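Sharing a structure below in structure tokens format, with a few things to ask.
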Amino acid sequence: MPGLDLQLLLHGQYHDWLLAGLLVALKLGMLTIACALPLAIVIALMRLSPWWPLRWLGSAYVELIRNVPLVAHLLFWYFGAPELLPDAVKERLYAGSYEFVAAAIGLTLYGAAFMAENIRSGIRAIPAVQFEAARALGLGFLPAMRRVVLPQALRVTVPPLLSQAVIMWNDTSIATVIGVGEIMYQAARVESSAFRSPEAFGFASACYLAGSLALTAVAAWIHRRWPVRTL
Amino acid sequence: MIQFDKVNKWYGDYHALVDIDETIAKGEVVVVCGPSGSGKSTLIRTINRLEAIDSGTIAFEGEDIHRRGVDLNRLRSRIGFVFQQFNLFPHLTVLQNCTLAPIEVGGARPAQAHEKAMALLDRVGLAHKANAWPAELSGGQQQRVAIARALAMAPPLMLFDEPTSALDPEMVGEVLLVMQGLARDGMTIVVVTHEMGFARDVAHRVLFMDQGRILERAEPHEFFNHPQHPRARQFLADIRTPFARPA
Amino acid sequence: MIDLIQTYWVYFLIGQYPQGPLGGVVLTVLLAALALLLAMPIGLALGLARVSPVAALRRPVTVLVYLVRGIPLLLMVFWIYFYLPTVTGHKTDQFTTMLVALVVFDGVYLAEIVRAGIQGVPKGQYEAARALGLSHARAMRRVILPQALRSMLPSLVNQFVSTIKATSLGYIIGLTEASFIASQINSQVLVHPTAVYLVLSLMYFLLCFCLSRFAFWLERRQARRDLPRPARSPGSPTASAASSA
């Protein structure tokens, strides 16, 4: 491999492209993680609801989303969904940068399905007797969840949720499939323009590894600061 | 048969075994009792080296067993160990659990091992369950199979680590009965247990431990009726009158 | 949507075969199966290294696992696509690229599955085996691994599901797998993108859902066969966090 040209990364046009890609990826990643979490909590609670239609809806959501790859999701949201809208709306969508929106929708829904499962596992890890004890004291379903079960479940759930966040950060790479200008898109662009890929892909690798390292460090810190306390 | 000489063990800063000196003769049945955390399980586990020691020596059949170069697997095949949690192998049948060691370690032929195992299962009253899976047995039955498994290599010494503590009360008796049978047949036995009835009726000696030391050694009659050490007295009092108000 | 399926189902299923390379759904499944199969010995070796008491074995593997899981699979595909030809001296086609990427991906995830399987066998089992006089190797081979491998089966099926989904990345490098074929169909039909991509999603859903149900059934069957815990054993509820693909 010819020597790495770090100058490529530090100045000039390619530098701008790659940096822009990183910014887009960061925006996409943070947006989707922030939106997926509340949605996931709702889905998890639906799946644990005593009312069967809600339970069924929650399960259907998780199974339908989880069993389809992200690529297919994004293709659907970008190419398939607008078809269902009236033409005027559709044209306006494609005129703007709809690909970012489509990616955000797809990634959020996808990530929420996995997060919901992590949350549900976390809640189920808390012995059922805790919930029973809360109900026996007179608390309703939601207050019992909110005051007794969820606080305990959250501590247990944080590591898998952070691990899911790492996955979601890495999944932003797939947005390239519908043309979102994130890291992979820009790296491939640099490659086809300069016929040199190690710097661009090296940069991409560093971005993703840094994100993963940062989130793992946060998980370790949280675990030390708020350890899981069981009986 | 077993000789402890100034044995000490630490877990980090915690002194788990303190200056243990003791001799256990062939054919003796010794019960080790004491409050939780007294080191009784640790002590018994040092005999087959499931635990290491930090100073002193433990001799088994005259040999220092904690020195380097000891054939660990051969040592363990001469000591039978029964766990509190039974630890039967769930992926093997009852019979296979009992023939595993003789075949793998003892080099016995399957047919021979099979025969011996069946005889042992018969001795513990479970010959009819030879082809059952451990998951199909009750706790008491599993523990009896565990005893048969430990006996399969014909060890001269049997160690029991709280063998009945994980059992429902109605199954304790069947296991103690098997252990009593072994004692009558002259097996050297060391048992960690809370079952005072067994200690009184079957043991030749009782060792009372607290905080890593052996505080009292006496014959059962002496120990239960005239305990010497204040901690031993306290322990026996606690067992006998659990609802007594604290002094 | 029905005519769409009627017209294109063969193309969707097997691509241009026999007039061209194998493609479509069949390619997806074959690629995933082959990758998983080839990755198993790697996963077993890496997993055993991960639990090894020998640090020289354990540490490099831990680093490798961390690196591979820290970057997106797509990035790995790109690395391989652009650099494998340099390393091997031959031009590599998309199938080989995806296969190598998936084998590495699966190998690392399988290593984790093997590690979890081995560490999931209760500690007492190893102690009991050693207490009987079995050596470490014999104890692993006759007592620990059989139990570990059995408990790993549902995770293996789930990993197969993950791999099937991962094949969709082949679209980006032009491999004629299911998603790519669907897009080809879409560019021919033009006016029914919703239908095309719905059918694509439905296909994945049916395939993966059935497999994950199978994995779930395997898990249930195992739980029934497992030893019931002895009464009054001390235990704290341990969280089993579900892992996502």
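First chain written, first letter: the chains are A, B and C, and each begins at residue 1.
The definition used in the following text is that a residue touches a chain if its C-beta (ideal position, glycine included) is under 8 Å from a C-beta of that chain, and two chains touch if they have at least 3 such contacts.
Remember, it's a predicted structure, so these values are computed and weren't measured experimentally.
Student: Name the shape of the chain contact graph, picking from line, ring, star, complete and other.
Tutor: line
Student: Centre of all protein Cα atoms: which chain's centre is nearest to it?
Tutor: C
Student: Sort the other chains by how far their Cα centres are from that of subunit B and give me the top one.
Tutor: Using the mean of the C-alpha atoms as each chain's centre, the farthest one from subunit B is A.
Student: Between subunit B and subunit C, what's the gap in Å when you average each chain's C-alpha atoms?
Tutor: 45
Student: Can you check how far apart subunit A and subunit C are, centre to centre, with Cα atoms defining each centre and the answer in Å?
Tutor: Averaging C-alpha atoms per chain gives centres 20 Å apart.
Student: Once you find the CA centre of subunit A and the CA centre of subunit B, what distance in Å lies between them?
Tutor: 54
Student: Where in subunit A do residues touch at least two different other chains?
Tutor: none
Student: Per the contact definition, I'd like the list of subunit B residues that touch subunit C in the complex.
Tutor: 48, 50, 73-77, 79, 81, 83-91, 100-101, 104-105, 133-135, 139, 142, 149-150, 153, 165-168
Student: Quick check on the complex: what are the subunit C residues that touch subunit A?
Tutor: On the subunit C side, the touching residues are 67, 69-75, 78-79, 82, 86, 161, 164-169, 171-172, 179, 182-183, 186, 192-198, 200-201, 204-205, 207-209, 212, 236-245.
Student: Name, in rising order, each residue of subunit A that touches subunit C in their complex.
Tutor: Subunit A residues touching subunit C: 1, 63-64, 66-73, 75-76, 79-81, 83-84, 114, 117-118, 120-122, 125-127, 156-157, 159-160, 163-164, 166-167, 170-171, 173-174, 176-177, 184, 187-188, 191, 197, 201, 204-205, 208-209, 212-213, 228, 230-231.
Student: Which of the residues in subunit C end up touching subunit B in this complex?
Tutor: 122, 124-125, 127-135, 138, 142-143, 146-147, 150, 225-228, 230-233
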